[in-house]
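Two complexes, one shared chain (chain A), two partners (chain B, chain C).
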Partner chain A sequence: MKKKKNKKKVRTIQVDYLARVEGEATLYIQLEDEKIREVKLKIFEPPRFFEAFLRGRNFAEAPDITARICGICPVAYQMSSVHAMENAFGVQVEGALRDLRRLIYCGEWIESHSLHIYMLHAPDFLGYPDAVRMAKDHPEIVKRGLGLKKVGNEIISLLGGREIHPINVKVGGFYRTPTRKELQVLLPSLEKAREAALETLHWAAQFDFPDFEQDYEFVALSHTEEYPFNEGRIISNRGLDISVEEFEDYFQEQQVEYSNALHCLLRGKPYFVGPMARFNLNFEKFSPVVQQAANSIGLLPGLKNPFKSILVRSLEVLHACEEALRIVQNYQEASSATIKISASAGKGYACTEAPRGLLYHRYHINSQELIEEAKIVPPTSQNQKIIEDDLFKLLEHSLHLEEEKLQEYCEHAVRNYDPCISCATHFLKLQVERK
Partner chain B sequence: MKLIGIGNEFRQDDAVGLYVVRQLRAKKLKDWKLVESSGEVTQLMDLWKKEKKVIVVDALVSGAAVGTILRFEAHRESLPAQSFRGSSHSLGLHEAIELSRAMQQLPDELIVYGIEAKTFENGKGLSPEVRLAAEKLIGELT
Partner chain C sequence: MSHSSTPKLAVWKFASCDGCQLSLLDCEDELLAISEKLEIAHFLEASRLQIAGPYDLSLVEGSITTAQDLEKIQKIRQQSKYLVCIGACATSGGIQALRNFQDVKEFSSAVYAKPHYIETLKTSTSIASHVLVDFELQGCPINKKQLIEVILAFLQQRQPNIPSYSVCVECKQAGKVCVMVASGTPCLGPVTHAGCGAVCPAYHRGCYACYGPMESPNTQALSRRWQDLGASRKDLVRVFRTFNAYANDFHKISEFHEKKEK
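For the complex of A and B:
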């Protein structure tokens, strides 16, 4: 962290590398006479150009190419891309294949959320610089977190062929589907994981949460019957209710000179995607067991404190374990691993709920079955502006803190969003400039 | 003794750990447990937690000459984290060792051999210098 002073009493705080987030970014804060003038989240991870190099590729390649955008949430990219292609070709995957897609997404939520809860976010609440030092004092807790992550990996490996960048998802279904016997192997670990998820929720509920709330516009998918994964309308707590096809009529990406990631705004204003948005907008879709678990710790919809996102992630891990158990127990083998696809020229749209929030894909396919245009809007670029807004508000009451504490507080606030900079680069150093 | 070879066979020299496992397997050695791994953190921790002596072979990026073999006694000291860093956004060998150390789950002896790689581009097969180094290491281990 660098500190500069000049005659105008300018103070700059810069965090050169934000730790415990996925990817590379800095945070720049400028203060004049101890009043905040600017907060910039500068993502310097190089641009990735995925949208450009999808052009000219066959539609069938999209799930495996886009999976490479992220090592933590490749399934999300696969799900959004296959659903967009199926939307373009006017087909819908139903039955066992649809259930298996939900199951692999459960695996990713369990794996990604557990990593963030235990390895990245919990050290902030317990006062450790990292998970390794936390593990020295709390080995059993870290073992529980790693055990949960492992179960997520097991699901992804079984359905996807391998735990990182799975290779078994295709437009129309899967390359190979598991037998009932193969899937049943997951049951004992899922039952243990469900217990561990409940313990995680009660453990995290004991943390001290900073007293901080904002009046956010939360945006998430909403499905008539299910807590959302792959389908639904895009809704908000301020009356937005649109189809996925209408996304670009309401949401606009903007380039900002200080960041390699685009900022996405809803009708010109920042909005909030991710676990807290899903929770606030879809609470009644949780199973009675999950709702009861939330009630038992006083976690109710209308949640406005982003520091409590760790509780919502824990609840979503419990939900994902429950849902995975349900799918595995009821699984009837599909007659075919894939449905018939007749590719044709057209436009396809899809939004799915990545662990970090809404993930939008749009493709234009030509008559040669090639991708002419691709647009991908990841959750972190949607949350970037709201992270800056949070920091702005948070700093108003925290400037009395020593610079080191201030930096820790800012980093903690950024990690509330589990930002995935690699995905959005299209992420942190902290720099505060005081005038 | 258990030997864990880490790598991705479709990223050229990254596969050197897998190559060592496969070559040793072909020798049908007695009392050797040979395992291939993607390097995922929970998988590595599980693979070594109940073992007394474990050898890990992985590709290395340290700036040394291609094919250089570096030996680390990981049960005594930390690895140079950056040299074994496969990704900016996932936990790997370094984190697996340090988490195991913190939780007292390291084997009595954990030796890590890093072989300096030349390329991690797409494709199968090792660079000649890296293959030669792998053969040299296999000779020393057997």
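For the complex of A and C:
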């Protein structure tokens, strides 16, 4: 952290490398006479140009290539890309194959959320630099977190072949589907995980949450019968209700000079995606057991405090365990691992719910089955503006804090969103300049 | 390693997806035990604590794509007793090395409306093309069991036991049916570095070489086999240009097919 002073009393607070987030970013805050002038979340992670080099690739390569955008949520990229391709070719995956896709997504939610709850976010609440050092005082808790994370990875490995960049997802379905017996192996770990998820929720409910509420526009998918994963309309708490194809009519990406990630806005305004948005907009789609668990800690829709996102993530882990159990118990082997695809020229669109929120893909396929154009809007570029807004408001009430505390507080507020910088450049250095 | 205290581990990131460093956190059963043998001195994805170097072991993920990163890797080398590259990005430039075959200016204008804000080099290159490296662990992503073996080997000052044969050998050792022989599915196993455990054939899919080239691969012979199975030159260019496109042997063969195609 650097501190600068001149006649006008300028103060800069800068976190050069934001820790416990995926990828690289800086936070820069400038104060003039103790008034906030600027808050910038600068993503300096180098761009990797996925949308550019997807052009000219075969449509079938999209799930493997786009997975490499993010090692933490590869399944999300695979899901959005295969659904977009199937949309282009006018087909839909149903029955057991659809269930297996939901199951692998459950695995990723459990894995990614447990990683964030225990290893990235809880240390902020309990005052440790990291989970490994937290484990010295709370070994059983950290072990529980690692155990949960492992169950998420077990699902992904069984269905996908391996936990990072699974190899078994393809346009039309899978390369190979598991037998009923193979899938049943997951049952004992899932039952244990469900218990651990409930314990996680009650443990996190005891944390001290800063009193901070904002009036956000929440955006998430909404499906008529289910808590959303791969399908649904895009809705908000302020009346938005559109199909996935209409995404670009309402949401615009904006380039800002200080960041290698694009900011996405809804009708020119910032909006909020991710677990809290899904929770607020889809609460009644949770099973009675999950709803009851939420009620037991007083967690109700209409939630406006982003520091409580850790509770929502814990609840979504519980939901994902339940959903996974349901799918495994009811699984009937599909007659074929994949449906028939006849590729044709066209445009395809898909939005799915990545652990961090809405993930949009659009592709144009030509008559040679090659990708002519690709567009990908990841959750973190959608939340970036909201994160800056939160920091702005949070700082208004916290400037009395000493520098070190202020920095920690800002970092904590950023981690509320579980930002994934690798995705957004597709993150953080905190810099506060005081004038 | 350092004689006095616990050895210091640092994990560094360049252009990458974070997947390879995540592999360390994915060692759910071993992570706490490993952290007792080593001090995690620098690992931004996992910790706020940044303990100054020098470091006994640096794990480097990602490829070099900016001028700042070129400077950063030199400093890391100076501060590290051993430097180990983890993953295809670090060992060959990764998927983002596809830019090396095209015009970067044109690339940034496809993704960003104002490309002049973006600072990037023309190429994405491996760590070894800039500094001396002590070991390269291939894979996109790396295998976490192999990662533990590499860390333990450096702790014990011995050579890591990482076989350099092909995926084909692993496939046979695992007693799996060859997808190329049994169902005529084109497979890159014969030229690809082992380490994944032949996972694709186990799922009835041909290997797509995410572990990069093995030592002296016969890419010509395999190309002919693929052509017999119906692959065009264009297909072959694409097949060798994925996650390890700029690894020497794959780079050469994809250029060969590209020339022949024209």
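What we mean here is this: the second predicted complex is superposed on the first by the 435 of 435 C-alpha atoms of A that agree within 3 Å, B and C clash if a C-alpha of one lies under 4 Å from a C-alpha of the other, contacts with A are read in each partner's own complex, and residues count from 1 in each chain.
In this text, a contact is a pair of C-beta atoms (placed from the backbone, for glycine too) under 8 Å apart; a residue touches a chain by one contact, two chains touch by 3 or more.
Nothing here was measured: the structure is a model prediction, and the numbers come from that model.
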Room on chain A for both chain B and chain C (clash or fit): clash
First, second, both or neither for A:G71, with chain B first and chain C second: both
Touching partner for A:S344 - first (chain B), second (chain C), both, neither: neither
Partner chain(s) touched by A:E411 [first = chain B, second = chain C, both, neither]: second
Which of chain B and chain C A:A131 touches, first, second, both or neither: both
If touched residues of chain A are counted for chain B and for chain C, the larger one: C
Chain B versus chain C as contact partner of A:K150, first or second or both or neither: both
First (chain B), second (chain C), both or neither touched by A:N295: neither
Touching partner for A:R57 - first (chain B), second (chain C), both, neither: second
Which of chain B and chain C A:R162 touches, first, second, both or neither: both
Segment of chain C that clashes with chain B, given the candidates 4-12, 94-102, 112-120 or 166-174: 4-12
Chain B/chain C common contact set on chain A: 22-24, 45, 70-72, 115, 119, 131-133, 135, 139, 142-143, 146-147, 149-150, 153, 162-164, 420, 422
Complex interface listing, chain C residues touching chain A: 13-23, 25-26, 28-29, 31-32, 35, 40, 43-50, 65-66, 69, 94-96, 98-99, 102, 104, 106-108, 110-114, 117-118, 120, 124, 140-141, 196, 199-200, 202-205, 208, 210, 238, 242-243
Residues of chain B defined as touching chain A within the complex: 38, 40-43, 45-46, 87-91, 95, 98-99, 101-104
In the complex with chain C, residue positions of chain A that touch it: 17-24, 45-53, 55, 57-58, 61, 64-65, 68-72, 74, 115, 119, 123, 129-133, 135, 139, 142-143, 146-147, 149-150, 153, 161-165, 167-168, 174-176, 255, 257, 260, 262, 337, 411, 420, 422, 426
Chain A residues touching chain B - in the complex, by the definition given at the top: 22-24, 45, 70-72, 115, 119, 131-133, 135-136, 139, 142-143, 146-147, 149-150, 153, 162-164, 420-422
